[in-house]
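Shared between the two complexes below is subunit A, which pairs with subunit B and subunit C, respectively.
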Partner chain A sequence: MKISYYPGCTLKTRAKNLESSALASLKALGVEFEELPRWNCCGAVYSLADDDLIHLIAPVRDLIRVKERGHDTVLTLCSMCYNTLARANELMKSDEEKRYTINTFMDEEPDYAGEVRVLHFLDFIRDEFGFDKLKEKITNPLNGLKVAPYYGCTLLRPKEVAIDSPDRPKLFHQFLEALGASVIDFGSSTTCCGAYQVLNEPEATLTVSHRILMDAVNHGAEAMALTCPLCDYNLGRRQEAMKEKFDFGDFPIYYFTQLLAMALGLPVEESHFELNLDSSTELLKNKNIIKESA
Partner chain B sequence: MSTTVEVKEAIEAKMIPIYIMGKKYDVPETLTIMKAMEYAGYKYIRGCGCRGGVCGACSTVYRKPGDYKIYSGLACQTVVEPEMYLTQLPFYPAMRATYNFYDITGEPEQVFGLYPELFRCVACNACTKICPMDVEVMDYIAALKRGDIKAAAEISFDCIQCGLCASRCMGELPQYHIAQLARRINGAYLTPRAEHLKTMVANIAAGRYAECLNKLKSMNEETLKKTYTAREMEPATAGEDWTPEESKCL
Partner chain C sequence: MAINISKSESDDQLRQKVMEISGQNFQKCYQCGTCSGSCPMAEHITVQPRRIMALLQLGNRKALSEANTPWVCASCHTCMVRCPRSIDITRLMEALRLVKLRQNIDHVHPNELKPEEIARLPQIAMVSGFRKMTS
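What follows is the complex of A and B.
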């Protein structure tokens, strides 16, 4: 398996804490990969219009870049990028007519028919690296950390690209268990955070996001782990607005890779917790996961 | 007078048909598009700048028979081809954001704020395909979308601001203006400062050359001319280690 890593735009700007901790972890796990030297924005959202082929050009072009590098797998961290790339890939595999149109339009690139495999970091760990091997690498287990895994939508829907059961997923649970955390199962772990509705319906979105967080709290969670920068915005950064409206805030939110990097005993700087809520660092210190002396 | 005929044949280029804005002209095959248009009777008042391939004023689009592709080139650099259909596109309207550069600190969000249409790019690549300078336009737009201003500045380095990218863009982006902002930010904030320049400016301010300059300033014209003529020059064959006899004013 030859792996291209596709970062996505947000990981280069607002979600550096997701990228930095993930790349450090991959290195620590001894995974060989190459960051794509040439890539464009995937489009972030997969177009639902049947004939809107122009919005498939961007993700397919990225998949062609992977093929051009001679790699058979593209690894993603952002779940929006995962969803867009994986769905574009499915279409290029299955729809002969649209594949022809897209390949003809991009006549400056080699033809593409879905030869590359699109993986998210989580299903890569489960299917390729293995949880058993991961457990062996843990030097700083997240003992006593009661954390709720939040899947969001785009890793599980639609089912054609789902990395686990869309109804009863357990992959993220297993991942956090492997890190030594106490995993809190809660009903809203696959409920939509509100996503881009935050732009035109900020109040309604805030209500939805707050409900998800309250569900986790009511099930005994001390923190939440997630995979998506947009979920992080709605569930993390928007807690500032929740303080006013719901008297709720300072609930620690982590990217899954930050918890992985801590469990692997990597330097705390790799996780860039300064981009998380302050309470996130405090909780890890209280649990002695971030060692005060270090 | 057979010799005259031979010479005449040797210097006369073959005539080929080209179509300028749809009208056919026979022009010598050796000419550039710009010379061919002048040969055909066009007179350049605008749409012609440096004639040296760097100013971007004479960008031209053309098609060839039996080929769906659009080609582009600078009229002053591109040699005519038989049956080409061409038109010059010396200018293309594109919105340029107004900003006070001293307010720009180099945060990607400032570029996004000035040019929000950046995010209308769908990576169709029409910009790159039309660029007469072979700049990877789509790639620098992709770099800017992820906030990598330095990469955008470097990828767009050869841009001559002809505007053909903007003419082809389905997202209506003014790519070349955005790239110019990226290069300005790169030059002002992202490239390392020349530390030796600071030292030199300080030295000059402290009077490093005062004596030499005052001496020159006090000379009359005649002495100045003599001194100039008699100045020590580096020989054309001098090696790397050459130094002048008089090094006081270096």
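What follows is the complex of A and C.
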């Protein structure tokens, strides 16, 4: 398996804590990969109109770059990038007419017919690396950390690209269990946080995000792990606004790869916790997962 | 809210257009309401998705254009994965947005965003929001 890593628009800046911890972890696990040269933004959302092919050009171009590189797999960290690239790939595989139109339109590029596999970090760990092998690599288990896995939408819906059951997923649970955490199952783990509606309906988004967090708290979670920079904004950064409206805040939110990096015993700097809420670092110190002397 | 069912309220062109853009047949809907029961934005929308389906079947342009539903929809696909009639309601919401956006009527105006808001928002929020709500 030859892997191209696709970062996406937010991972070099706001979600540097997601990228840095993930790449350090992959290296620690001995996974070989290369960042895709000349990657472009995937468009973040997949076009849902039958007659709108122009918005498929961006994700398909990225997939062509992977194929050109001689790689068979593209690995994503952001769940929205995963969804957009995976759906564009499915369409190029299955829809002959649209594939023809897109390939003809991009006549300067080699033809593409869905030859590349699109994986998210989580299904890569489950299907390619293996949880058993992962468990062997854990040197700093997350003992006693009660963490709720938040899947969000785009890893699980629609079914064609779901990395696990859209109704009863367990992949993220298994991942956190492998890291030694106490996993808190809660009903809202697949409920939408409001996503890009934060732009248009910030109050509605705040309300639905707060409800998700409260559900996790009511089930005994002391932190939440997630995979998407937009979910991280709605459920993490916007706790500032929740303080005013709901008297709720300082609930630690982590990217799944930050917890992985900690469990692998990697230097704390790789996780860039300064981009998380302050409470996130405090909790890990309290649990002795971040060692004070380090 | 009463729905006036009459030939004069029914817009066949709109029905056709939404079917074409979405590739979805809303006539299959039998009004079970699973979509409304699943919608995370239910309390913030003026017309529930089940009712949107009925309005589409009737081709009621006025009621459809007054509903905020497609503009509050976050394309989370929950209604779609749960629909017993396998209707991709998410695509119907996209089609209703596009009917307006394709007349060059933006729903979000990037130039009205405050600089401090732009500084705060992650790129992914703006890229996806502008993709969904601008023409």
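FYI, the second predicted complex is superposed on the first by the 294 of 294 C-alpha atoms of A that agree within 3 Å, B and C clash if a C-alpha of one lies under 4 Å from a C-alpha of the other, contacts with A are read in each partner's own complex, and residues count from 1 in each chain.
Keep this in mind: contacts are C-beta pairs under 8 Å (C-beta built on N, C-alpha and C of every residue); 3 or more make two chains touch, one makes a residue touch a chain.
This structure is a prediction, so every number in the text was calculated from the model and none was measured.
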Partner chain(s) touched by A:T13 [first = subunit B, second = subunit C, both, neither]: both
Touched partner set for A:W39, first subunit B, second subunit C, both or neither: first
Touching partner for A:F251 - first (subunit B), second (subunit C), both, neither: neither
Partner chain in contact with A:V208 - subunit B first, subunit C second, else both or neither: second
First (subunit B), second (subunit C), both or neither touched by A:F273: neither
Which of subunit B and subunit C A:P158 touches, first, second, both or neither: second
Which of subunit B and subunit C A:Q197 touches, first, second, both or neither: second
Partner touching more residues of subunit A, whether subunit B or subunit C: C
First, second, both or neither for A:H55, with subunit B first and subunit C second: both
Contact residues of subunit A, present in both the subunit B and the subunit C interface: 8-9, 13, 41, 43, 55
Residues of subunit C defined as touching subunit A within the complex: 20-23, 40-41, 43-44, 71-72, 74-78, 80-81, 88, 90-91, 93-95, 98, 107-108, 113, 120-133
Residues on subunit B engaged by subunit A in the complex (per definition of touch): 108, 121-125, 129, 138-139, 141-142, 145-148, 170
Subunit B-touching residues of subunit A, taken from the complex the two chains share: 7-9, 12-13, 38-41, 43, 54-55, 57-58, 61, 105-106, 108
Contact footprint of subunit C on subunit A as seen in their complex: 8-10, 13-15, 41, 43-45, 47-52, 55, 78, 80, 153, 157-159, 166-167, 190-192, 194-201, 204-205, 207-208, 228-230, 232-233, 237
